[in-house]
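Before I ask anything, let me first share the structure, which is written out below as structure tokens.
The chains carry the letters A, B, C and D, assigned in the order they are written, with residues numbered from 1 in each.
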Amino acid sequence: MINFAEQKLFKMKHLKQSAFLIASVMMLASCIDKNRKGTHEQSEKTESISKKYWPNGARLVISVSMQFETGGQPEGAESPFSGTPLPKGQPDLAAESWYRYGANEGIYRMLDLWKKYNIKVTSHVVGTAAEKYPEIARAIANGGHEIAAHGLAWDNQWNKNYTDELHFVKDGVDAVEKITGQKALGYNCNWLRRSPNTLKVLQELGFLYHIDDLSHDEPVITKVNGKNFVVIPYTLRNNDIVNIEGKHWSPDQFLTQLKFEFDRLYEEGASKRRMMSISFHDRIGGTPAMVHAMEEFIRYTKERQGVVFMRKDDIAKMVMNDPATPVDNSEEKYNN
Amino acid sequence: MINFAEQKLFKMKHLKQSAFLIASVMMLASCIDKNRKGTHEQSEKTESISKKYWPNGARLVISVSMQFETGGQPEGAESPFSGTPLPKGQPDLAAESWYRYGANEGIYRMLDLWKKYNIKVTSHVVGTAAEKYPEIARAIANGGHEIAAHGLAWDNQWNKNYTDELHFVKDGVDAVEKITGQKALGYNCNWLRRSPNTLKVLQELGFLYHIDDLSHDEPVITKVNGKNFVVIPYTLRNNDIVNIEGKHWSPDQFLTQLKFEFDRLYEEGASKRRMMSISFHDRIGGTPAMVHAMEEFIRYTKERQGVVFMRKDDIAKMVMNDPATPVDNSEEKYNN
Amino acid sequence: MINFAEQKLFKMKHLKQSAFLIASVMMLASCIDKNRKGTHEQSEKTESISKKYWPNGARLVISVSMQFETGGQPEGAESPFSGTPLPKGQPDLAAESWYRYGANEGIYRMLDLWKKYNIKVTSHVVGTAAEKYPEIARAIANGGHEIAAHGLAWDNQWNKNYTDELHFVKDGVDAVEKITGQKALGYNCNWLRRSPNTLKVLQELGFLYHIDDLSHDEPVITKVNGKNFVVIPYTLRNNDIVNIEGKHWSPDQFLTQLKFEFDRLYEEGASKRRMMSISFHDRIGGTPAMVHAMEEFIRYTKERQGVVFMRKDDIAKMVMNDPATPVDNSEEKYNN
Amino acid sequence: MINFAEQKLFKMKHLKQSAFLIASVMMLASCIDKNRKGTHEQSEKTESISKKYWPNGARLVISVSMQFETGGQPEGAESPFSGTPLPKGQPDLAAESWYRYGANEGIYRMLDLWKKYNIKVTSHVVGTAAEKYPEIARAIANGGHEIAAHGLAWDNQWNKNYTDELHFVKDGVDAVEKITGQKALGYNCNWLRRSPNTLKVLQELGFLYHIDDLSHDEPVITKVNGKNFVVIPYTLRNNDIVNIEGKHWSPDQFLTQLKFEFDRLYEEGASKRRMMSISFHDRIGGTPAMVHAMEEFIRYTKERQGVVFMRKDDIAKMVMNDPATPVDNSEEKYNN
């Protein structure tokens, strides 16, 4: 039995991607299959799992963002040392070593974790980071993860005009594609801050979705120049940089946050489409304590059936032409 | 057997509200009845429950405030992004999407929770928020919740003169009444900051109570122009915006705070009138993790008997002419 | 069998206080007696309890400071609202109501707790607070608690000259003595900040001890004009205002801090004199959640024997002429 | 059976240190032996313990840094009071007493803990602190701990020229050597902030290693003037001053952080060389609650076999000429 969402998939305009899509549905099916085994609450829960909101009986989709930024940071970039900045031109060697941790340890540790649990994530790769550490960008791509765009450099784009912004995005995509062979379909701005033109720029460049929107717990469609553009919800709530570096949480608080968030969204997943977003940055989420917390969380989700970890491009393709996807045109004044 | 508080209720001046009051006592009775079932500590606790401090054997009254503000926020309003503001006129699209979460997900998620446990809350509705999202204001009212006032817009009123403040309050009440059919009887200022005239303004407009006072754990009467005006205690301690956005607590800390607070007030409820105030804002308390925490707390309170969740207008009506209600005229120099 | 500390007590110069002292030793004995009952680890621990460091086999002395300041605060005093101050002259009614909580609820709630567990505390009373709420100052004194001094008003004294500082302290003591009948023997400066003259001023006024020193976990003697003056250690670590309002801890963190601190000091108490200091301010430590935390902590200490809660004046009298008390003259350049 | 790391040790250039090295290997062996006893998971884990990454079957090496700085702090040095500084010249007596705690209680309490569990740590000693409290510097050295350098005074060195920096470091080493008889082999800058010349200065002065680098979870070699120089990873993550005073964690959060970090690194230790760094400062890590947390953590590590606590100089000697040690020349532009 194939439900509407899968049927939709085969009708999508981007037919060249259909092999990809079939693979993604297969992956989804196989993930769910794994989740089916050995959960003690299986019998009582089975009937409450909706077949409607996600393909193949998935009840909650979790999508992890893994930012790869290290090496692309400007002088004086935010770090535990940047609160008392050194004079311009003086190298802040301790801060630089803090960043390098993301390249030396962070990304590889996370890749090990994703591999152990067969999770595919979306990696937002800064162009200059990939140029500085091409072997890391390739390791991410080779792990089956999505290479999404995160700008050419670690820089504001809300203040650029249309042309400059387009070049900034395109140059980043091209740089990363040259290294990884993957062309980004999704976008994440520096600190989520878009310009009013960003979605038009992205659409012009062939992107399917962006994530710099916090207004939903599920993907939505927004019209850009009259065509569907997908908004995959991002998160500050389950975001390592916000909570660990910004709010000064300890990793156990982060773990409990994930569990609380999961418990509620999983419950809601019985009656509507729900998606949970998690964000890990190379030098912050990639520390031993945070990867330990994440592993504990992954194990926690395994106690429930119907939980699926997905890349954001796969999600975007699934929902893009699905009439059940909510349409939100809150920003239409900018997008026409 | 009807105790003094109920007897008082029938003598209240606002006779047109007596049908309402009877209904509220009925509701209180029915809530308590529900709480009676299945608590393991029932037998040992029964005799310690006072009949004196609240009607119908209630031992502790909990009142939830649900602020509905989204859509009424000014440019640059406090958000996780406002610490590094964008230039005036530049839309902060990420911050705006953070606010919209309150309208898209937050309020509806909370309404679902209140409904599941048959809890009626007090919703402080900003006038311009209701105008932006009338369907949400109506959904709140239709759920049986109190529509209380929270200003026309999200703006200071401590700096307005008498006339301007009166119009600011009245216009907000009128706007929301037009949409919901409910006329507010209670008031909450922006960040609790009243002017010296606020209580006189509220009394002139027919309000019964305000909540911008942190000095008690029970309602008190204060004299305004010689007449009784009710002060329902508000809270910074059990307040989502203060603790989650301000103090950077994680939701599990918030849950533990509620439990600690509850444990003590419940104990004190055996020998005096005690009230617990909790505050949830659309975009903060309405997140999955916070609603999960709140549900855990509600379940925790169900292990004790005599715990009742009430709207603040119902509380105000109960205590307004009850001679057992403490009188506090600390601000009398402003109120005569 | 009377140990050296008790013997010392009878030789103290302040002979008029000896009846008081005998009573305090009796209290200590009776407290310990209570702690002896029903602890599961009694047999294994008995021999490790030193008879040397405190009288009557006490192993750890805990002393609680209860600051009574509300009503003495100046305009714009630190509160959850003071970060965004109102213009000078504009009353901050919400902030004032936050303070009044200390007088309406906080102190009384704490007094109930101390009474329930027969604990006597040291209350640091601001002169103008006692004048504003004399009934509260008397309730504290009548509960058997120590009335210690905390300045005439809530004001800096590190910037006063000798004469002004002496009057500031004396006027505060006199004001409180007039209300409570108790003359303060101990002193606590506003935010712990002394001038280089403070100890000389205090000695001239007949004080026995001060607490504005964080350098030890036991009382020490310091020489002031060649005579013994007692330094009872104060705490930022177990201090409600520092941790709850300053560090934004939740009450459960505060409780765990107390337990961790206690566990270590209790262990050390087997081989040296150890004292644990805890500080609660009217409007912060007096909230339901904090009093709940404190009660949980008191119960936790009851699982060990030899734990005694004491007033600081009783501690000062015990150690003042005890040759086992360490002498610390780190500040001798100021005190001669 | 002697593995490669030990073999390496005997070939090291610094032959005069070989007796020391043998002793250190003996110590390592004896530590591991202790860890072997009584762990319930012994049989299942034995085969997974690598013989390759550390000598003698160690699976994870933990190294504690104990900063001894008190007495060397400048006027207005960071403390709980320094946020509202007193006027220049006015002694901040409360802040000074907060620092003295490190000398009176903190270091001695930690020394007791290390002794109880036979742990040897690396103590980073500020020159002027040792001069102020020579008996403490000697107590540390006599406990078998490493005396490492931390500058002559508590001062920036990133802004000094080569000659001044060299004298600053050398004078500190000399001052401490005169008191303790130990010449430092390792260096820690004030707030980790090196100049581009620091490693060259250290090499010229005969240092083996520095710790002001956060980029790895294992020691690495970096070339300085073409010769091997060891970088022992330091930590902000398991650092008392960063987490307790900076992030305002409670000690239980710190304990959980250590456990999370340990769990992950121990797991990784099965397949690569892993090292865990922990930092305690005299007045912060030396409080009762923090030492309690540390003791709980030490006990936690005892449930696993192959966990060894080591001094950093012993680690540096082991890895310095070990070809398995990674080489990281990220800063080569400064080091040639």
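Keep in mind that, in the parts below, a residue touches a chain if its C-beta (ideal position, glycine included) is under 8 Å from a C-beta of that chain, and two chains touch if they have at least 3 such contacts.
All of these numbers come straight from a predicted model, not from anything done at the bench.
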item: Subunit D and subunit A - chains in contact with each; value: none
item: Classification of the subunit B:subunit C interface as same or different, half of numbers criterion; value: different
item: Degree value of the rotation bringing subunit C onto subunit D, based on Cα positions, nearest 5; value: 90
item: Centroid distance [mean C-alpha coordinates] between subunit B and subunit A, Å; value: 37
item: Rounded Å distance between subunit A and subunit C, as computed from the means of their C-alpha atoms; value: 53
item: Shared-contact residues (touching 2 or more other chains) in subunit C; value: 248, 253
item: Chain-level touch network, classified as line, ring, star, complete or other; value: ring
item: Contact pairs between chains, per stated definition; value: A-B, A-D, B-C, C-D
item: For the subunit D and subunit C complex, residues of the former touching the latter; value: 80-81, 86, 90-94, 96-101, 104-105, 109, 248, 250-253, 287-293, 295
item: Subunit B-touching residues of subunit A, taken from the complex the two chains share; value: 158-159, 189, 191-194, 196, 212-217, 236-237, 242-243, 246-249, 253-254, 256-257, 260-265, 268, 276, 328, 330-331, 334
